[in-house]
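So that you can tell them apart, the chains are marked A, B, C, D and E in the order they are listed, and the count of residues begins at 1 in each.
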Amino acid sequence: MIWIIISAVLGVVMITMSVVAIHHKKITIAILSAGGVSLIASILYLLLAAPDVALTEAAIGSGLTTFIFFYVLNKIKKHKHVEE
Amino acid sequence: MQNIGIEQISLAVGFILLLIGIWGMLSQKNILKIIVSFTIFETGLNVILVVIGYIRNKTAPILDTTELQTNTAEKIVDPIPQALVLTSIVIGLGVTALLLVYALKMHKEKKSLLINDYKDTKW
Amino acid sequence: MVDPIYIVAVLLGISFSLGFIGKKSENIAGILSLLALGFTTLVSAQWFYNFVTADIETYHIFTTAFKPPFSINLMMGKEEALFTMMINAIGLFGGLYMFDRLKAAGKNSFIALLMLIMGLNVVVMTRDLFNLFVFLEISSIAVAGLIVLTQNTKSISAGFKFMIATGIISGLLLLGIAFIYNYAGSLNIDHILTQNLEAAKGLSIAIFFLMIAIVLEMKPFPANGWGLDVYSSAESGVSSLLSSAYATATVFVLMKLLPFAPENLQFLIAAIGIITFVFSNLMGMRQDNPNRMLGYSSISQIGLLAAVIGISSVIGEYTYFIVISILISHFLAKSGLFWIAGIVKQESIKNWSVLRSNKLLLVLFGVFIFALTGLPPFPGFFGKWELVMHLAETKNFIWIFAVLIGSFFEVVYMFRWLGYAVKNDIIIETKLKAKIHQIIPLLLFAAAAFGAGYYVSSEHPYASLINYLPLAVALGFAFIEFLPVFIKNTLAIAAMAAYFYFNYESYNELQVIFAAIFIIGGILTLIAGYAYKGKRQGFYPFALMMFAGLIGLVEATTTLEFFFAWELMTIGSYFLILRGKKSIKHALSYILFSIGGAYLILAGFGLAAIGKPDISIGILSNIELYAPWIFGLLAIGFMTKTASIGLHIWLPGAHAEAEADVSPMVSAILLKAGVFGLIMLFLAMGEQFIGNISFAYILSWVGVITALMGNMMAAFQEDAKRLLAYSSIGALGYVLFGLSLMSHLGWLTAISFSVTHFMFKALLFLAIGGVVWRLKTKDMYKMGGLIKKMPFSFISVLIGIIVLAGVPPLTGFAGKWLFFQAVVEKQWFLQGAVLFFSGIIAFLYCFRLIHSIFLGQPKDEHRNVKEAPFWILVPQYAILMVIMLFSMLPNSLLKPIGDMLMPYFPDGAITWDGQMATTALGYWNGKTVMFIVVGVFAIVFGWLVFMNRNAKKVKQFNIGYAAERPFLPETTHYAFNFFAPYKKAIGFLVAPGITNFWHRVDEGAHSVSDKFTKIYNGNAQSYLIHIVAFILVIYLISFGGF
Amino acid sequence: MLRNSLILILILGLAAIMLSIFVDYTPKEKLGPVAEHYANNGKEEVGAANLVTAVVVTYRGLDTLGEVSILFLSAAIIGFFLKIRNEEHSKNQIVIRYSEILGTGAKILVPIIILLGAYVFINGHLTPGGGFQGGAIIASAFVLMLIALPRPALNHRVLSIIESFSGLSYVIIGLLGVFLAAGFLDNQIMSLGTFGTILSAGAVPVIYILIGLKVGTELTGIIGNLKEIQNEE
Amino acid sequence: MDPLIKQILFALLTIFIVLNYGLIVQGIVRKIGARVGRRYGIPFYQPYIDIIKNYSKRTRISHGIMYYIAPVFRLTGGIGLLLFIPVIFGNNMFQNFSFSGDLLLILYFQFFGVLGMALGAAESGHPNSAIGVSRGLSQVTAYELPLTLGVLSLAVQYNTLNVSEIVAAQQGGILNWSFFTNPLASIALLLAFLAAMGRSPFDVVLAPQEIPIGPPTEFHSGFLGVLQLNRAIFPIAKLILFMNLLFGGATNWGELIIKTFFIYMWSVFVGVAFPRFRVDQSVRWYLGVPLIIGVAAVVVSKFF
């Protein structure tokens, strides 16, 4: 039962964060939220008896992906900066 | 309520994430946001995949104890979907990275991140 | 044999090892990649060869030590071998074609190419669902990479659209696979299919997602904007990969996964495919950018294949044959066209006239266009044939309609394009140069198109009967194009004469008559070709191809042979017509009407073959089902060639703009192909009825109105050749009417008139062609008084028009006399009266022709014109002699034809007594008429000469002109709008209603096309919405609710 | 607005489809036929304690090869995508300030993280984790370096040689399976060893090491490429 | 005597009779026309004078070969037509050469002369000639339609295209004439006949007032003489044809002359009473009432 509640909470958080990720005006917040969704998903994976997946999701899904996002965002902002 | 378990909840979450991702891809104008939506879509998919392999009250398919090594089939969850998710995550990374580079290049071309500005080829 | 796993291993290994190579060594990277692709091509080719020749068993490749379903396995069967061979070949040659582009982009671009091909190979071979997903993903990412080989805003945004769309699609594919696994507990295709799975809603939805994702990969209408944008903005070489390699693989995947789909989903897929086919081609019509147009065409072709695969349960075992033959055509042709587009680099097809600066490319371009549009001898032709035959057999008539209308749309834009390339007058001052590494793939693919055609036809029980000899001779002339006209002309005449000599004995009477019109007529008109100087490139192969087609019609024993020959003739004549001046529009309308007609014929043959064990021509005489339909389709099909009213608008321009010796070929000879078809049809099927009305009765009115309108329009022409062209329309109306009489006399008239028409029309067109040759104008009012300059041509025209007008004593009267005997006998008086009326109108234009050109006041600028070239006169006088012979001895022509008709129409024959012909109603003696007329003429002439023995010749200008001297020849030669009062009286009858009608059809189609293309607004998100909406709609149709 | 409602309708439609799947979903009670085979025979057939690894590397080895290829392909595409036009742009350098503390910290941390990554992929057949996870961890070490150090000594040449080497070796090991064992990618080209130890599961650890190296270098390559284009402007 | 030579001699006799008859009728008609117009008019033998005058002219010029032989065509057409029509019913010799073809030959042979003349006129290079030809041909097409319908109607009625047989079927009383047995066809034919004779209101082709005599404008001297011979023979040949078709033919020359004269008078009276049509008017007129009557004639004879 406890796991059900935990997973439900995780699910709600993920859904909320994903809505934030999509609807928040600031792109940085959006990217971070998406990374957060990934991170929580990896916890969910642990609950689902998938440690391998959890590890991968954490390292790749939330880690590297978010990082590349920021890299690109940074780059784009610099473009803008140069423009102005 | 008897039947409701972590797998149904996770499955529902997976579907909802999937739908939110598609919603974002269809409605957001900012290219980066579209890509963000895409990653959420992928995450939803991955959750669904993992759920498909899940069997209640069974352990991860890692036979690190001798107890697990006998009658294994009754004790572990399905390893195959997990293997698939692994692949799917990596593919997702490759696609996302490429999409981001596309976004970068598009921005370089028109100094805009609005998807509506990229309608040069049509009809 | 080499294990197919090496295809994967070598491609991966080489692409991984490219990292060892330094930055500056792109050449080595490129060569290594091409070697790898060459190896894989050889491997799959070797398998394919063994499958075809040795009939070996399907080979299974197991990875790891475990058997499926526990590990991933690949399969190499005949189909897989062929498909991987195609994919590897396009990889190899596409890579070769793009070599310098890839090199410039760096070695990583070679990696993308290798990965694409590797991925597609596995996609074809794998028997595991998830494996399929992974390698499909590899391929689409590789495509996304190759798209940005040229980097500009267009290609980058197109690549983004592609990636985001395939992202969603493959996500859904994965979803489907996941749930299939959930229900089946396995990912192995064969394993899943052999399990008896319980029907669960979730499983069917999962299968739906699986199938719909594959369908979406094939870019179905309307969810395909992303694909189109890629086609139109990527490098041509990349587009060719996408269109040929990627699409080929998706077609195979659909074939592979089809057993998953329940019956209704299969049909739904087929419906999607056919809708895609029709609409993409419809929208292709308004395209101006070659790459985008090719994109539409690619999508449509793949749609057609999806349709065929979707209804494979209906078609049965022939699905494979159909798919392969259509696919190979598409594969070779589309790659070739994309490659050529990449060399030409023109954004608008109107500027493709630049292609003329490189003859080789132009020829290849033509080959690919023909291969693509499914014309013989390319494989698509047989595919389309078999498809229609099977659709007819299973009574899917709407499908036939859709297939044919879609193909027709494709023909519209492809031939418009070809026309622009060959003839458009936009001059672009660049010499197209293709690099050797670009030419080699093109040449190989063009050769492969022919080879594939031969291969496919050899696989077909009836196609293998086709006599390819004439076609081969015609194509052979393409290789001696460097020789001068004189030699080629002699060879052509010799070839045709030899063919006739060695074969005529095996023909029956009807065949002999038409073979004589076609071949002897052809030889006569070819003689005029000696008048040309230089090489006359591009004439002989097509002229001979046309004659090959014509003789093929005569010799055909199966409907397939007949249709093959029909199309061949159409192609040859199309090019001949295209050679003319300002021909671009007319050639297009010619080919459109011809192909439209050919499709009707195809449909008719398809219906005719229902329930028949074979497809010999004889089945037409033994039809139980749909007889009126078959008759109607075939009759209209043939009537497009005889240019009956309503279907005639292509003719005047096409015949008038052609060269001096081509006009008689197309007008005097080619039209008889339609006559031959109609004769064959009537003989086989007899009279057919719709309700109570006989088809023959309807056709009689069509013939009569054609005759009337043709002649009337001829009377109002200012252009001499156009006048003759309209006159041909009228003459063919007579023939049609004669045939529709369905009596001995009627047919005697029709066939003898066909022969006579050949003679006088060839005579007139040659003579007028000679005049135009010298004067460089076709407007009659600009001529005048040429009788003194061109007396020989004048005599030709004089005799020609007397025959045409049917004035006794020449042989033309025989036609008229027989006609009215037949009309009175049949009691179709109203038609007879109209026919008589139109015969009189023939006088109008006959007179005008001779008056405006040869009589009246000569123009100053024509003081120095010479008689028409000798070689153009030679055939005229040969024909003249035959005319005189037939006029003196009409039974030498009529009797054999009558004898030939005896088995079919034993009643009402003419009785001959010497040269005296007698029917139930009347009688006529051609010989005495001739003697009387000549006798009286001689006496009167003698009298006149006697009275006017000292007559003095004066200059033409010396006329009594109301006490004034005429000022200029122009003002004195009354020729322009010659029949003005007549036009005032009944000109309204010839208002261009039909032309307007077809124009409106054309405009309508284009504006519909335009409307539909508006859904592709270029916005990536709209495309995503299309995809999602598409999925929903198909889901709702397939499940009937949620 | 019209557009948004249309999208909403579409999403609701999709949701309805998903709902049908969801309603039809019944939690599993036992493994499917294939999975059952793996569970029962995986130990003997592959010899890897981590059954996921057994599936990833052996049973579904071809998928994994494809997966590696995808990353490789993405990296390659990003490489030429980003570089093609670089020459056209002027190389005006923007100096970015780097933190000294971060730099020092990074210098200490990077080797440790790399070691961790190596551990993860070397033990991939025994514990959770494997080549991909390990590779990602190694890549994150390089990321740290890139952020923290002003002029990181990222030698692309070395990276790409490692990448190529590991990739090629992977293919060769796969092919060795054809010659020495039962089929492509068969792990039994080496002895299965003792179950549960490092040197078990035949070629699995070797393959995972290669994958780890390859993924690590590929991901680093992607980031390095992004970094480079950043530096050049 | 060789039957062929005998036949030829009789043919010459026919031509001679018809020629003289034609010339005299021509003169008489012109005289009548003048008298109706309250003029004195020419003597009835004026056509003879004209012909002799033309042949004796000294200046003879030619515009070219077609010009030269056009009158030959024209006269050949006229004589040929006459020879193909059976002239006197029941008399083998005055059947002339009608054995060589039926009604269709006759209908089509009319055009032989027309075409030849048109060609010659065109070569004369005079625009008025060409205009005349244009008008003439246009008008021909128009009146041929009722003519054909009428002939077809008769062909149905008698189920033959043989003129002699048609005449034979009308023997035995005035009510057996087609004129009475097939009035619709007769009306159609007689209306067509008006234009066939080229008299007012359908004489715009020659249009004696505006364009000097139309196609033959440039012809003079001997050329015109030949044409005038034809102008005597050709109308009579047509008259004989109409007589054969509608009025029971003639069993002797006297009957022939009477009948043809009255038929001729029909066109003369109409010509005197009606003013001239323009070409487009006459074309439209023929495609109106006469056409409908013709169609009706065919329909009636086919179904009743």
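The rule is short, and it goes like this: a residue touches a chain if its C-beta (ideal position, glycine included) is under 8 Å from a C-beta of that chain, and two chains touch if they have at least 3 such contacts.
Not measured: the values here are computed from a predicted model.
K.L.:
Please identify each chain that touches chain B as well as chain D.
P.N.:
Output, common partners of chain B and chain D: A, C.
K.L.:
Which chain has its Cα centroid closest to the overall Cα centroid?
P.N.:
So the chain nearest the centre of the shown protein is C.
K.L.:
With contacts counted as defined, which of the two, A-B or C-E, has more C-beta pairs across the interface?
P.N.:
C-E
K.L.:
From the mean C-alpha coordinate of chain C to that of chain E, what's the distance rounded to whole Å?
P.N.:
Result: the chain centres lie 53 Å from each other.
K.L.:
Measure off the straight-line distance from the CA centroid of chain A to the CA centroid of chain D, and report it in whole Å.
P.N.:
19
K.L.:
Please compute the C-alpha centroid of chain A, do the same for chain C, then give the distance between them in whole Å.
P.N.:
Centres of chain A and chain C (C-alpha means) sit 58 Å apart.
K.L.:
Would you mind pulling out the distance in Å between where the CA atoms of chain B average out and where those of chain E do?
P.N.:
Chain centres of chain B and chain E, defined by C-alpha means, are spaced 100 Å apart.
K.L.:
Scan chain C for residues touching two or more other chains and write them down.
P.N.:
In chain C, 130, 134, 137, 141, 144-145, 148, 151, 179, 181-182, 187, 1025, 1028 touch at least two other chains.
K.L.:
Quick check on chain E: which residues sit in contact with 2+ other chains?
P.N.:
In chain E, no residue touches two or more other chains.
K.L.:
For chain A, jot down the residues that touch at least 2 other chains.
P.N.:
Chain A, residues with two or more chain partners: 50-52, 56, 60, 64, 68, 72, 75.
K.L.:
Among the chains present, which pairs are found to touch?
P.N.:
Between chains, contact exists in these pairs: A-B, A-D, B-C, B-D, C-D, C-E.
K.L.:
Please name which positions on chain C make contact with chain D in the complex.
P.N.:
Going by the criterion above, the answer is residues 3, 5-6, 8-9, 12-13, 15-20, 22, 61-66, 69-72, 105-106, 108-109, 111-112, 115, 118-119, 122, 126, 128, 130-131, 134-135, 137-138, 141-142, 144-145, 148, 151, 179, 181-182, 184-188, 191, 200-203, 205-206, 1025, 1028-1029, 1031-1032, 1035-1036, 1042.
K.L.:
Mind pulling up the chain D residues that touch chain C in the complex?
P.N.:
Against chain C, the touching part of chain D is residues 6-7, 10-11, 13-14, 16-17, 19-21, 23-25, 28, 31-35, 37-38, 45, 58-63, 65-67, 69-70, 72-74, 76-77, 79-81, 83-85, 157, 160-161, 163-165, 167-168, 170-172, 174-175, 177-178, 181-188.
K.L.:
Applying the document's contact rule, which stretches of chain C touch chain E when the two form their complex?
P.N.:
Listed in rising order, the residues of chain C that touch chain E are 785, 787-788, 798, 801-802, 805-808, 813, 816-817, 820-821, 823-824, 827, 829-830, 832-833, 836-837, 840-841, 843-844, 846-847, 850-851, 855-857, 921-925, 928-929, 932-933, 936-937, 940-941, 943-944, 947-948, 950-954, 956-961, 966, 971-975, 978-982, 984-986.
K.L.:
Where on chain B does chain D make contact in their complex?
P.N.:
3, 5, 7-8, 11-12, 15, 18-19, 22-23, 26-27, 53-56, 60-64, 69, 72-74, 76, 78-80, 82-84, 86-87, 89-91, 93-95, 97-98, 101-102, 105
K.L.:
Can you list the chain A residues touching chain B in their complex?
P.N.:
These residues of chain A touch chain B: 3-4, 7-8, 10-11, 14-15, 18-19, 21-22, 27, 30-31, 34, 37-38, 41, 44-45, 47-53, 56-57, 60-61, 64-65, 68-69, 72-73, 75-76, 79-80, 83.
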